[in-house]
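Just so it is clear, A, B and C label the chains in written order, and each chain counts residues from 1 on its own.
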Amino acid sequence: MKRFAITVASAALIFFAGYAALFIAPDESTMHAIQRVFYVHVALWASMYSALTIAFVANVAWLATRNIKWDWLGVSAVEVGVVSCTGGLATGVLWGKPAWGIWWTWDARLTTAFLLWILYIAYLLLRGLLEDPQRRATLSAVFGIFAFLDAPLVYASNRLWRTQHPAPVMFGGENAYLDPTMAKALMVCIAAILPVMIFLLMDRYRLERMRHEVEELRLAAEEQAADANSAVTRSTA
Amino acid sequence: MSAARAAAILLAKELRLEFRTRELLTGTVIFVLVVIVLFSFAFDPTAADSRRYGPGLLWIAFLFAGSLMLHPSFAREQANQTLDALRMAPISAFAILLGKMLANFIFLAIAEAVLVPVFAVLYNVSLTAVAGRLALVLALGTLGLVITGTVFSAVSAHARMRELLLPLLLLPILAPLLIAAVEATASLFAEQPALDRTWLTFLGGFDIVFLTASWLLCDFLLEE
Amino acid sequence: MSATSATPASATQAAPSLGISFEKIEKRFGALQALRGVSLDVQAGEFVALLGHNGAGKTTLLRIAALLMRPTSGAVRFTADEPKALVGMVSHSTLLYDELTAAENLTLFAELYALGDVASRVAAALEACGLASRAGSLVRTFSRGMRQRLSIARALLHGPRLLLLDEPAAGLDRQGLVWFGETLERLRDAGATVLMSTHARNESLDLATRAVSLAGGRIEHDSGPGGDPRPLLAALRAEA
C-alpha cells in the first residue's frame, strides 16, 4: 500500500514538474526551447548529490555499527547516484552542443561531476571484485569515504585552476541570475525527482535485503542437510 | 611502543628488503624513462613547449609509475602471510601503514631524483635554479600520492584483478593532486620561476586530509 | 643443538599467566559458516589439544584467538589487559620474510615486541633451534624443516604466555621435533597456556591436559579442565 502511494505521488509530481518545465516556465531569451533541458539537468544533479551524501552517511554508519543494513543502503545509494550522474552528464552534453556549440568544457562543476561519476563507478567495480561480504562492505566503505572527501577537493582545485585558465563557462556560470518563475519551476522539478530517487533507493535496498535472506535460507538448508548426513554416518560407523 | 618508533623499524625492514632485490626501484625508473621518451613523440621538445607540457608529462609519468609500484606494497606481505605477524605484534595498524607509506615515499623520491635531471636534459629545460623549490613541490605531491596509494594498495590487496584495480581506484582520487602539482611545477618551469603558494598550500591540505582519513580508518583496512 | 631455554629464567617466572575464553564465537565467510557458536573457557596453564578434521574450524578459531580475525558474532576475552605482547602463534604459513636472513627476521620481531638485549636474545634463539650456523643466510635458502624451526623460534622469541599452535610439527625434521618437544615441556612447566591444533598424532600430545574436538564448526567433545584427555586423543590415534 505504501509502495503504491509513493508510486502514485511520484508520478503525479513528475507529471506536474514536466508540465511546469514545458509550459509554465517562461521561454529563455537566447536558447528558447532547448533550454528546458536545464530543469531535468539540475534536478538530476540534485538527485546525485543527495544520493552520494546518503552513501557517505551509510559508509560511516557501517564502519561504526557493523549493521549490514548500512552496507545495503550504501550500495543502493551509490547506484542511484551513478545513474543520476549519467543522466546529468548526458543531458549536459546534449544541451551544450545546440546551446553553446561545444560538447563539453572542463570547468569546475563539470569536472567534479565527471570525476565523481568515475569514482563511484570504481566503487561499484571494487565491490564486484571483492567476494567476502564483510570485507566487501568494509573496504568499499573506506573507499567511499575517501571518494566523498575527495569531491570538494576536486571542485576547489578546478575552481582555482579555472581562475588561472579561463575557459567557456556553461550553464550561466557559478552565480548566474535566474528568473523567479524559472526558479520556481526548477524547485518543482527538484522536488519531483527526489521522491523518484528515494523510490529507486528503496527498491534497490529491498533487492539487496532479499539477496541476503536467500543466502541465509540456503545456508540453513545446507546446514540441515549436513546434520542429517553426519547423523547417518555416525549411526553407520 | 609509539607508532613513530614502530613505523621506523618497519621502514628499515622495507628498505632492507627493497635494496636487496631492487626490483621495484629498477622497474619504476625504467617505466618512467619509457614514458618520458614516448612523450617526446607526442610534441616537439623545444624549450618553450617543454616548459608548457613538461610539468604535466612529469606528473602523469610519476602517477602511473607510482600506482604500479604501490601494488606490491601489501602484496609482498601475502607470500608467507607476514602481515599476520605484523598485526599480532603490539603495534598499531597505523604504524604498519605509516611504515609502508614512508618506504614508498622514499622509493618514489629516489626514482624522481633520478628522472627529473634526465627529463631536464632530454627536454632542454634548465632546472638548476629552481632545484630546491622543485624538490619541495615534488615532496608534497609525492606524499599525497603515497598516502592514498598505500591505503588503496591495502584496499585492493584482497580483490581480484588487483593490479588493474589499484590504478583504477587511485588515479581518479588523485585528480586534485595532479592539478595542484602540475600547476605548482609549471610556475617553477616558467621563464620567471616563482613558487606558487596557493597550490603549495593546496597540496599540503590534500596530504593532511588524506593522512588524517588514513589514520582514522586504518584499523578497517587491515582487519579480516 | 642446545637444550637451554631461549628466554632467561627470570622472565618466565615473573611473567603473568594468561587464560582465554571464547564466548559463542561465530564466523562466517560469505557462504561458508566456519564456526557456529563455539564457547570455550581455557584457564591459565592448561594445555589444550584442539582436534578435528581439516575444515572443522580449528585454524579459524586460532586466528580469532590471535586477534587476527574478528568473529562475525561473539567475543574473545583474555585474563590480561594487553594480550598482544603475551600471545605467540605458529601458523600454517611461516610468517617469515624470505628475503631477510634468519637473524634479521628475528631481530625485526624482537624490536617490534620492544625486547631488551636484542642481539643476545636473537643469538640465543638461533642457538636453541639449531640455526646459529645459518644466522646470516636468507630464509629463502632454508629447507622446509629449517623454516618451521625458525617460525617456531620467532613465535617464542618474546616469551609468550599463551601459545596458539596450528599444526606446529608439520614439516619439522627429526632434530626439530626433539627440540620442539623439549621446548613445549619447558613452557608447560613454566605455566604457559597452550592451544595446539592437530589432525594427526604427534608426541607433543602427551603433554596435553585437555582435549577439545571440533566438527562442522562446533565443539563435539571436550574432556574439560580437570578431565582426562587421553580417550579423545586415543581416538585420534586410531584415525591417523
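Criterion: a contact is a pair of C-beta atoms (placed from the backbone, for glycine too) under 8 Å apart; a residue touches a chain by one contact, two chains touch by 3 or more.
No experiment lies behind these values; they were computed from the predicted model shown.
Visitor: Between the chains shown, work out who touches whom and classify the graph as line, ring, star, complete or other.
Guide: complete
Visitor: Compute the centre of every chain as the mean of its C-alpha atoms, then state which one is farthest from the centre of chain B.
Guide: For chain B, the chain whose C-alpha mean is farthest off is C.
Visitor: Taking each chain's centre as the mean of its C-alpha atoms, which one lies nearest the mean of all protein C-alpha atoms here?
Guide: B
Visitor: From the C-alpha centre of chain A to that of chain C, how far is it in Å?
Guide: 49
Visitor: From the C-alpha centre of chain B to that of chain C, how far is it in Å?
Guide: 39
Visitor: Approximately how many whole Å separate the CA-defined centres of chain A and chain B?
Guide: Computed from C-alpha means, the inter-chain centre distance equals 31 Å.
Visitor: Please output the residue numbers of chain C that touch at least 2 other chains, ranges allowed.
Guide: Touching at least two other chains: none.
Visitor: Which residues does chain B have that touch at least 2 chains other than itself?
Guide: Each of 223-224 in chain B touches at least two other chains.
Visitor: Check each residue of chain A and list the ones that touch at least two other chains.
Guide: 131-132
Visitor: Taking the touch rule as given, give the residues of chain C at its contact with chain A in the complex, in rising order.
Guide: Within the complex, chain C touches chain A at residues 28-31, 33, 36, 72, 215-216.
Visitor: Mind listing the chain A positions that touch chain B in their complex?
Guide: 63, 111, 115, 118-119, 122, 125-126, 129-132, 135, 138-139, 141-143, 145-147, 149-150, 153-154, 156-158, 160-161, 164
Visitor: Going by the contact rule set out above, which residues of chain C touch chain B in the complex?
Guide: Chain C residues touching chain B: 63, 66-70, 82, 84-85, 87, 89, 91-100, 104, 108-109, 111-114, 154.
Visitor: Help me check something: in the complex, which residues belonging to chain B touch chain C?
Guide: Residues 1, 6, 9-10, 13, 16-17, 20-21, 79-82, 84-91, 223-224.
Visitor: So in the complex, the part of chain A that touches chain C is made up of which residues?
Guide: 131-134, 215, 218-219, 223, 226-227, 230
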